[in-house]
Every structure is written in C-alpha cells, then in structure tokens.
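Residue numbering begins at 1 within each chain, and the chains themselves are lettered A, B, C and D in the order written.
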Amino acid sequence: MLKQIEGSHAVAEAVALCRPEVICAYPISPQTHIVEGLGEMVKSGALAKCEFINVESEFAAMSVAIGASAAGARAYTATASQGLLFMAEAVFNASGLGLPIVMTVANRAIGAPINIWNDHTDALSQRDCGWIQLFAENNQEALDLHIQAFRLGEELSLPVMVCMDGFILTHAYERVDMPTQEQVDAYLPIFEPRQVLDPSEPVSIGAMVGPEAFMEVRYLAHAKQMKALELIPGWADEFRAAFGRDSGGLLHRYRTEDADTVVVALGSVLGTVKDTVDELRRDGQKIGVLGVTCFRPWPLAAVREALAGAKRVVVIEKSLAVGLGGIVSSNVYNSYAGGADAVHAVIAGLGGRAITRASLARMLRDAVAGRLEPLTFLDLDQPLVERALAREREQRRSGPLAEAILRDLGVVAARPG
Amino acid sequence: MTAAEMLSIAAFREGRHAQAFPSFGSERTGAPVVAFCRMDEREIRLREPVLEPDALIIQDPTLLHQVDVFAGLGAAGRVLINTTRSLEQLGLKELAGKFRFCSVPATELALKHVGRPVPNAALLGGFAAIAGLISIDAVAAAIREKFSGAVADGNVAAASAAHEYVMREIAEGLHA
Amino acid sequence: MSFQPVKFYQTGTFTVGNRLLAPEERSVQANLRRTNSLNSGHRACQGCGEALGARYAIDAAMEATQRQLIAANATGCLEVFSTPYPETSWQIPWIHSLFGNAAAVATGIAAAMRVKGREHVRVIAQGGDGGTTDIGFGCLSGMFERNDDVLYICYDNGAYMNTGVQRSSATPPAARTATTMAVGAEPGNVFGQGKDLPAIAMAHRIPYVATATVAELRDLEAKVRRAMEFRGARYIHIFVPCPLGWGHASDQTIRIARLAKETGIFPVFEAENGEVVSASKIRRRLPVEEYLRPQKRFAHLFGKPPRADLIARMQELADRNIRRYGLVDTSGAQR
Amino acid sequence: MRKPFAITLDPGSSLANHTGTWRTLRPEYVDRLPPCNGACPAGENIQGWLYHAESGNYEAAWRLLTQDNPMPAVMGRVCYHPCESSCNRTRLDAAVGINSVERFLGDEAIRHGWHFDKPPASSGKRVLVVGAGPSGLSAAYHLARLGHAVEIHEAGPVAGGMMRFGIPKYRLPREVLEAEVRRILALGVALHLNSKVSSVLESMQRGRFDAAFLAVGAHIAKRAYIPAGSAAKVLDALSVLRSMEGEEKPLLGRRVVVYGGGNTAIDVARTAKRLGAEEAVIVYRRTREKMPAHDFEVEEALQEGVLIKWLSTIRQAGDASITVERMVLDEKGFPQPTGELETLAADSVVLALGQDVDLALLDGVPGLEKKDGAVQVGPDMMTGHPGIFAGGDMVPAERTVTVAIGHGKKAARHIDAWLRGTRYAPPPKHEPATFERLNPWYYSDAPKSVLPTLDVVRRQSTFDEVVKGLDESNALYEARRCLSCGNCFECDNCYGVCPDNAVIKLGPGKRFQFNYDYCKGCGLCVAECPCGAIRMVPEEI
C-alpha cells in the first residue's frame, strides 16, 4: 500500500510487520522517531506479543537484545553515532555469539566536535565488528532492507545492521509502498534460533576460547559472511518476486554498461549522484553509478565485475579514515583491476554538509578531465583551513581546532547544508 | 515542518511524487526553521536541500531580515507571506517587481477557526490558491490525515478561508 | 528442668544436614540429588569461595524453580574458571556476554520468557564485585529501576581477582591489592566513603535485597528461596573469601567468612521493598583483629610498627554495622 | 540445536577435567578415639552407643553398650563416670550426661525385658568363676557369650558382692541389681550360692574346669588400734552396710561417728542418718581436697546433714564419747599430730578404713604371687599359675565397680584365647580425638539437663533412690549433646562445603567417600568437619 510518510515511521511499520518480540530503546538523534513509533505500537497493542524495553544506555540496549536473542526471541534495536560507539563492545559480542539481532543505524557523524547531522563515520567505524551491514538508498529500500535483514540474519545466525542516512532519510516524508502483513509473513519464516537458552536443553553460551581454537572461531565467522555473499542475491530475487521491487542485494548498478567513469557510493547520496550522472550523460559523458547496498560482507567479486570496464572510479564517501583517507575507497582499491591510481576518493557530506548536484557535477567533470586528486574533500572551505593551518604553524598551542574554525566562520550557521 | 509534510501529503494524494524534509537542526519549539518540499510527476531521487525554490512560504515575516530567505528564488517566483501588513510595512517594496507576492493573515484565521496561533493549514490553503499545483480538497485531506476531529475541522476551515482569501486577492489582482 | 526446644544439639542449625533430620529439614546441599549446577572439573583455585557460593546459590535456585532456570554471567573468575573451551562446568542454560552487561542480558532473557509466555522459567544474573559494583553498575541499576524479573547475585570477594587482585569499589579499607599496595603512610586501600551495594539496591525499593556468606549455608539457601518467591528485581550479595587474593589458607575460606559475620565486618540481613526486615544476629561477637589477622592482605596492620589506628577504624566500621542492623542480640536468646 | 564451534558447549562437560591432579594433600576419613571411650574402665564404646541413642534407637544402643558391659542399669547408678570428666563438651558448656543416658538405657532394657543373644555353638570348655561380684558376673557374662560353660561359686547368700553389700539401697535399688544379674544367668551361667571356694585348685579339679577366674573381692575390714573402754561401741563399716541387707538393722544410737575418708565412710554416715541418727559425724585426718571419696557424694552427704570433722584422728573411744586430736598437714601433705585434744559425744564409732582381701583360697597354688595383700596378675589378668586368672578388688587397681567389670571383660577375652590356645591381642587404639580437632561452631549451645533429685528431707528419712533417671525426652536430648568426637555422624558438612563436589554421599548410615578425581586437596572438609573425623595426609608423589 502506498503511503506518504516519514522514513522513520516507514521503518517502524516495517519492523513491526516483522513481528519483533523484544525491542530495546534508548534515545539518540536521528534514530529516535523509529523506536518512538514502535513504542506506541506496542503500547497501543497494534504490535502484540512484543516487549518494548526502555533501557538506560545503548550498551544496555544491545545487551538486552543479546539476552533476548539468546533466549530465542526476535530482537531489534536502533541507534546512531555516539550511541553505536557506546555499545561497540556489545556489538562485537552479538556477532561473536552469532545472535541474529537486527539494528537500524540512522547514520550520523561522531564527535568531537559534537554534531548531530548525517555522515557514515558511525557505521563504518564498526565495519569489522562481524555484523552484516546494509545501506539504504531511500526510504523504500530502508524499510525493505529491514524485512530482508531479519530473514538474512536468522538464516545465517548473524546480526544485521541496516544503515540509513540520518535526517536525510529518517526525517524525510516520501512515498513508500508498505507491504501487507501477509506478504511479510510469507517471506519471513518464524524465528528458529540456531542455539537457545532453554532449561530443557541446557548449554553454556559464550565460553572462553584460547589460542588453541580462537583462530578457527574467527575463520568460521569470516566463512559465514562469505556465505552471506552467495545467499544475499538469491534472497533479493525472492524479495523481488514477492514484493515486486528491487531492494537489497549486493550492489545497484546504474548506467554502468558502457561507463568509462563509475561513481561508487553508499546510501541516500546515490539519488543525487544519479541525477547528476543523468545530467552529465546528456552532455555525452560516459558515467555510471555503482551503489553498494551490502558493505559487509564486502562483495569483492561483484564490485570487480561491475568496475571491470571502467577507466576510472570515483568513490564518494561520507566518512574519513583520518590519517588514511577514504574507507570505502580502500575497499574498492583491491576490487578494481584498473589499479589504485585510477581510484579517486572523494570525502563528502561530513557532519551533514549538503552534497549538491552542482558540486558533484563540477567534481565529476574534473575527474573525467583527469584533474581530480586521488583524495578530494568536496566543497571544502579551502581558505578557512589554510588560515587554521597557518595559525597552527605560527603558534603551537592554538586551542581546539573546532573553536578556531567557528571563530573564522563567525556564527554557527543554521543554514541549509 | 508540519506544513511541508502536509504539502507533500497533499501532493501525494494528487498522485504526485513528493518529498518533504526539514533543514535538519535540533529544532526547539519556536526557533526559526526552514523546511523543504519537492513535488514531481516522477520519482524524486535528489537529496540536496531546495536551493532554487519555485515558491516560498514565509510563516514568520519577523525573520525576513535575519536570513536571506529569497536566496535562490527564481524570477517571478511565488511568495506567500503570513501577515496582515503590506509589503511597504514589511520593507519589501523594492522586491515587489522581482517576485509574485501574496499575503494571508494565516495566524488570525487559525486563531479564528482553530483557536490557536497555528498558521500552517491556512498557509497551505493559501498556497493551493497561488500555486495551482494542488487542490484545496487535497490540502483538506492532508490536514485530515495529520489531525482528527475538531482540530482537523478547524484547520480545514482555516485552510479553506485562507484559500478563498488568496483567490480573492489574486482575482482583485492587488499585488500589495 | 532446663529443656530447650533445639533440634539437634549435635548439629544445631549450622551444619549442612544430618542423618537425623527429616527430609524437609535438610538443606539443598545435603540432598543426594542436588543439581551440582556448577559441576566438578572447574578450574577454580583450591578452596575457592566463589565456586562454593555459586553452587550453593544456583542449586538453591534450581530447587526453588523446579529447575526452570537460566543464568547470565558477567566476565570474571567465575566465568573464566567455569567455561574454558572445550569444557563447561554448568549444568544449567548459561550465557556469558560481557563484563558489564550481565544484568541487561538477563533482562533480555526475562523479556524473551515473558513474551513467549514462559514466565515459569526464572532468570539469574551473576557476577563478581567488579562486574557488579563497578563496570556493571549502570546495567544493574537500570534493571533494578525497571524492576525486571531478574535475581542478580553478586559474589563479593572484594577485588578483581581474575586479573590479578586489583582494587575494586568493593575492596575494604586498608586491604592490600595489586593497585593499593601496603606501602606509605596510608598502606592498602583508602578509607573511602564505601559503596554499599545492598543499600544502593534497597534505595531502588526493589522487592527483595539480601546479604549472605558461604559460612551460613542454610541462611543463604533460605534467602535464595525467598528471593524466588518474588517477581521483579531482586539482589543477593554473597560474601565469598578468596584464598589467593586475601592470602589465607585454602581451608580457611569458610572460617574467614564466618569471622566477617561474627565481627560485624559483613552484616547479614534481608530487606523487602527497601526496608530491612531481618538481620542475622552475631552468635559470638569477636573483635575485628580476629578477622583481619589470618589474611595476608591485612598483614601490614600487624607488622612493625602495628597499625592499631587503622585496626581501630576497621573496628568502627564493624561497630557501625552492628548498630545499624542490630547485629548483637540483646534478648540473650541463642540459637 | 546446531551449536557454534567452541562458543557454545554441552552441559557439565568439565567432568572430563580431572582436577584431582592439582592435589598435594589428600583428605581421608578417620575414626578417632573419643575421650569418653578412652577413659571408660569398662572399655565401653560410649560414642558408639550414644550414636544409636541419638536416633532414638535405644535397643541398638543398649546392645552395643552391653557388648562391653552387661549391667548398664547398675553402672548408670554407681559408676563414678570418668567418661564425663574427660568429655570434650566440658570445654563448651557441661559434659554430656553419659552416665544418666546409660542408666536410662539400662532401665529401658529392664522395662522391655530385652535379652542378650544366646551364645553361639558351645566351646565345650568349662570355666570356674569364684565370686558373684561385678568382676565375676562380668567375666561370666563375656565367657558365656563366647560359648564357654561358666559356673559361679559365691560364698555369700546372694549375688552382687560389693554392689549389694557395699552400696546402700538409696544409690542402687536391689531390684535393679537383681534384674541385671538374672539376665546374665539367663545366658546359662550356673550360680552356686553359699559355696565358698577354700582351695581353687581343688575346686577346679573337682569341677573339671579348664580355667578359673578369681574375683572374691576385698571383704576384711581394716582395723586401726583405738584404745576403747569396755562399753565403747566400735563397729566396722562393711558389717554395718552388710547388716543393712539382713533382717535386724544395726543399732548405732543417736550420735554416730564414722572414721575414714573413702566413699564407704560417706555411705555409712548417710546410712546412719537414714537409720535415725541425729548426728552423723565423719572424722577424717586430712582435708576435703585430700579426701578419696567422690566430691558429689560428699556434697550430697553434707546436704543431708552429715557433719565432717577435718584434720582429726580418734585418740580414744569411751562409752558415750570419743577424744579426737587435731592434725596439721606437713609440707608433703601428710597429717602430723598437734597434741590438741577435743571430746565428741558418740554412741557408736564406725571404722571405714578400707578392706583387705581374703587370699586363703589361693594357699598352695604354685607359681602364684601375692604382694601387699593382693594377687599379682599379668596384663592378661592371668596369675602366675597358668589357667588361673584374677580381677576386681583382689588385684592391685582402683577399687570401683566399673574397674571390676572392666577386669571381667578383659579377663574373659584372655581366658577365651588361652582356652583356644592362642593369645588375645587387643586391637590398636585410634589416635585420640582431642578438643583441638573439633570445629565446635557447628554445635549449638545446649547445657546438660539437670537430673531431678529427691528433696533432702525425704532423703534423710527414707532409703528411696536419691537420683531419679531421665525420661525419654531428656535422655534423647542428653544423647544428642554428644559431639561424636572423632567419629563421623553424617552432618553432611564435607559433602556440602566441597567447592569441587568431590565428596560422594553414600546414604544414611553409610557415611561418605572422596572422589579423588576432582578433589583439589583444599582441606575445607577437614576444617569444617565438626567432629574431627577427616585428616589431611601428604600425597605420595
């Protein structure tokens, strides 16, 4: 059924359709609307047979989910930014124990300086935590991915993180096609836990494993994610068959067939990128787009295949590996036969900085013209950082960088982007 | 924000694709905010803020001189201002030729019909009149989706009143 | 003629059991068919008080719940010595997640049981004093505040034994640990304000809070049984000496616990809904020296020069407990 | 359940890990010798029979008791119970009332008419027992139970010896004594009364006996020379006590002086009181501390109004008075005369200065050795003459009923061995269960139940039994005060306190076993065993 609703509420409704049994909630922007929506559904009885638990921290949220999942309940929670970092220990633990928890991450920057706006630093900081990480391009995909996530996680006994851009998606009203309960029930079987805490068949979960077996345990975790790579496309096909939509899967290809230049990106920015690419195509540029839906496990073969024909790759990423550069691009390097120097990392949209068609077009034209640096910061206020660096040079103790920049900027602008 | 939401719902009800989103701040009640709405016949993929609006709804004219709200507004762009005062009084005389202004006493209408100074519905009613993109019925429906009972009725009444007000304004062709 | 209605003078109410007792009067530990929830083959040190306390408590809980029990365990000695791959000593469904989240994990299990309509399955969370009073404190308080249906058991041996005897917020004043060495003017742990977790638990007004020691099995079992009669958050704080960390002979574990109670250093009591409802009286009151002297962690108090001043401060703490909980029976009646 | 590798494990799998290898010391269950057993002259297994009494199984308790002592009802009245003086419980509150529990068991046996098991197949050997006193009866009982034919030859008219002629009724009612004697005879022991053995060899030959046990006791009163007037009435204690058993009671008058400091002196003085004497004065040359009589008897006597004149000797006895001289103790504690004289009114003087043995029946027995009026015997109770054994008051030892009964048992075992041509080797004694080995914490506080005593007035006028027995409730109570020193009483402590579940409980009456596969040797079971029935021994590596 078509609806014009906020992304958060779309996700909340989709999660409810998945019949979660335990939901742990701790407020942090921009995830809050999702659990608020679910909380109301549980209280009103619209979502029956579900425990909604207001916990005292994200660490507790993930921990409660771990307990619930280990006891055989379908568990869900949502978080963002600092919250994800605060629960990091439990995030690793959930995957280590192989518990199919589904968590929404409403992507947001990480402080300091504190910043509530969108980028991917939070999710990418957890890229090696052993969870499956899916990135939604729009609200339709966001809600679809949650339905797939429960199926995926429970079949593989792995936790799944559904990443959607904070505010840009979570707070955006747009049209979504909300599936019916029947459709979801048909696609998502009853949760049959692989291991469960039950007095009738007692086991000890979470043993201490020493050097004699730890490597093997890690290897098996890796093998399990590799297995996911094989299965995910099939499940996406099944999903298409059941719901008539292309959601999920490993990658989304857009006009890459004959593309010399392929833009790689994650999440909501893909929409703007596609519009930009259409514009450049009209000017005769052979540009395509590769959207990475499944970031973990990293679909190396699929990416390599998608980039096979490209002369150059531009990776637009909303995160920065400080001291290295691009995180996604580092993943792309070894998936691209063309060699690292043909891969350009473009850091964009950090902390909510708007990524505009104009800037993208300018940057892509540079790329096509071979003027694009290996590492670029889109729309960076160059003069400002120059001044800051200069100040750095002249006096070593110049106070917090953020403060200095704001001083240059004058006011904290609540301006768009 | 509510206005943008309802606008997008109204557009959706008319079979269009619509996208509404705030200028993401941690808004506190009463603080100045900007919200955006896109409407299109096709799927909307673009995620950048609306930088070159076709129309501008100004809920609170007191902000006029704090932020350059007209930035990006195209020539002959439509502007709907919630006010009882004239452009001169608002100090916008010199812009009169540049954009197409309409004003509506949305807050008063809200006070009259809803009982509270909530101008959104009235402004949408007015916008339906100037833009011609959406019908007043769609606006009413959108309002009823957001609100219910007396509040909905009040808001619908306010919207209709505003719609008539602006239609008359246009008809009388007095571009203040 | 003086004839007291005491049952078994020979065994009194203090021994684990006795062939003369009627079955219903036997302790769970005396039972041939006790569960041995924490089974043989675990890697606890010789004379480990925590291993003892854990079997006592969990066996009693198993009995009270007709074996419908699930346990969540914080990181620590108990977890490490009980479940090193490839062997576990637990006979019950058991999970170890992290150091600081046992209470929250238990909350999740309890929620799962509730949503599945299996509330007859009861949930226990357990951890050492580090996992309880320090790193797990937040999750514990949250569980209390929500009044989740979980019994949390803290095995208090007053330091981080698993990592090599470092100071925790449950470490007693003047005690030597690896991070509070017995050197300088104020040797051993500081005389801080203390972190009285049972009292903090009571401040949450949860249905049931109790303290116990491994020296009084019947009391301990009775409290676990009582705890299982309540729904909601419950807390039992069990005093478990650690031969390694405290520096006493492995066969003195129970005696030390007994001395802690008999000196008033560790008050043994019960509280319901935030109010103390009973305190276990001191049977033969002793000065704190009796408790301190056998432990190497307090050896510096008796060295050259002896620190009578610090011992006196310890005595004050004991006396305060005795006053606060009325630990000395004034009625003169004896068990 | 498809358990993930290594992370999830099957329950109880640590049983594969045998932590017993950590052990350097191993615990072992032991039986230690309780002080009561160690102190009992009759060699009773006191802790053993109390164990049965605790569980209310009085017959089992009585049967175990009577394996060592056939006369618990008598013993429970007349024994001076060294067991209680040595009881570890005295260190906690008061000794366990062993003696009164024994008496309770004895009385129960009489009340229910319990019998001894008949002896097994007869050995065909005949044993002569001379004297039906405690020693003789005890020997006869044990020999009979060992399957030998026993004949007792008693010079007197009734059985019991000193138990009858030396101990007043108010301490040992005669029906009790007779009941227990009857039960011994019921084993098939032949008792010949009024048959004085004048020559043991002769009697043995005549009766074709294979061995003899002599237990004629000591009946000849010691006399001291006291210058006495013709009218003076001077008697000896034994004849006074003996005549109590006859028809006409002795005439002692209103003021009786008893000379001596032993239990007999006390008995006579208390008897005199009961016979109506206004004054019964004991004259003794030393102090109360030095007095051989048992203190509780002195106490009872004083309560009954008996007077005691300390540090005094009788110089001379007149018809209605005596002269006493005050003494002082020298540094060695010996009384020395002072010359200070004093006169006491006295209608009669009873001498209680001890007794000598009548050794006439031993004249001409080769190899047999006598010394200071007693027969010398070896550790096996055999005299210098093979086959002739002796015990009781006629051999050098403390002269109490209990010692005599002990002699009887000991002699019987050696006689039995001798008859079978072997030697009886007593089993090695367990190490003592000292108080230090106990963990008294586990025993609750329970003071000894005070026995009801007849009020003094009735005591003075009648010969009713002074000390009443326990009823069942307080007998059980008293029994359960036993700490079971050095012997497991199945309190389950070891089973409970083992951090490694390394103690196996075998079930009621079967005690426990260590599972050395898992025992790490921490020693908690030893430290927390209430009765010291576990010890640690080094592992041999």
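In this text, a residue touches a chain if its C-beta (ideal position, glycine included) is under 8 Å from a C-beta of that chain, and two chains touch if they have at least 3 such contacts.
Predicted, not measured: the structure shown is a model, and the values here were computed from it.
If you compare A-B with C-D, the chain pair joined by more contacting C-beta pairs is C-D. Taking the mean of all protein Cα atoms as the centre, the chain whose own Cα mean lies nearest is C. Chain centres here are Cα means. That of subunit A falls 34 Å from that of subunit B. Once the centre of each chain is set as its mean CA position, subunit C and subunit D turn out to be 50 Å apart.
If each chain is reduced to the centroid of its CA atoms, subunit A and subunit D end up 93 Å from each other.
Per-chain Cα centroids separate subunit B from subunit C by 67 Å. Subunit C has residues 82-83, 85-86, 88, 90-92 in contact with two or more other chains. The set of subunit D residues touching two or more other chains comprises 6, 9-11.
For subunit B, no residue reaches two or more other chains under the stated contact definition.
Contact between chains, using the touch rule, shows up for A-B, A-C, A-D, C-D.
Remark: subunit D residues 1-11 touch subunit A in the complex.
Contact residues of subunit A toward subunit B in the complex are 2, 4, 6, 29-30, 116-118, 138, 165-168, 171-175, 268-272, 274-275, 352, 354-357, 414-417. Considering their complex, residues 67-70, 72-73, 79-80, 82-86, 88, 90-98, 100-101, 104-116, 121, 138-139, 141-142, 145-146 of subunit C touch subunit A.
Contact residues of subunit B toward subunit A in the complex are 4-5, 8-9, 11-13, 17-26, 32, 34, 36, 44-51, 67. Across the complex, subunit D is touched by residues 1-4, 6, 8-20, 26-27, 29-30, 32, 36, 39-44, 46-49, 51-52, 55, 82-83, 85-92, 217, 243, 249-255, 258, 334-335 of subunit C.
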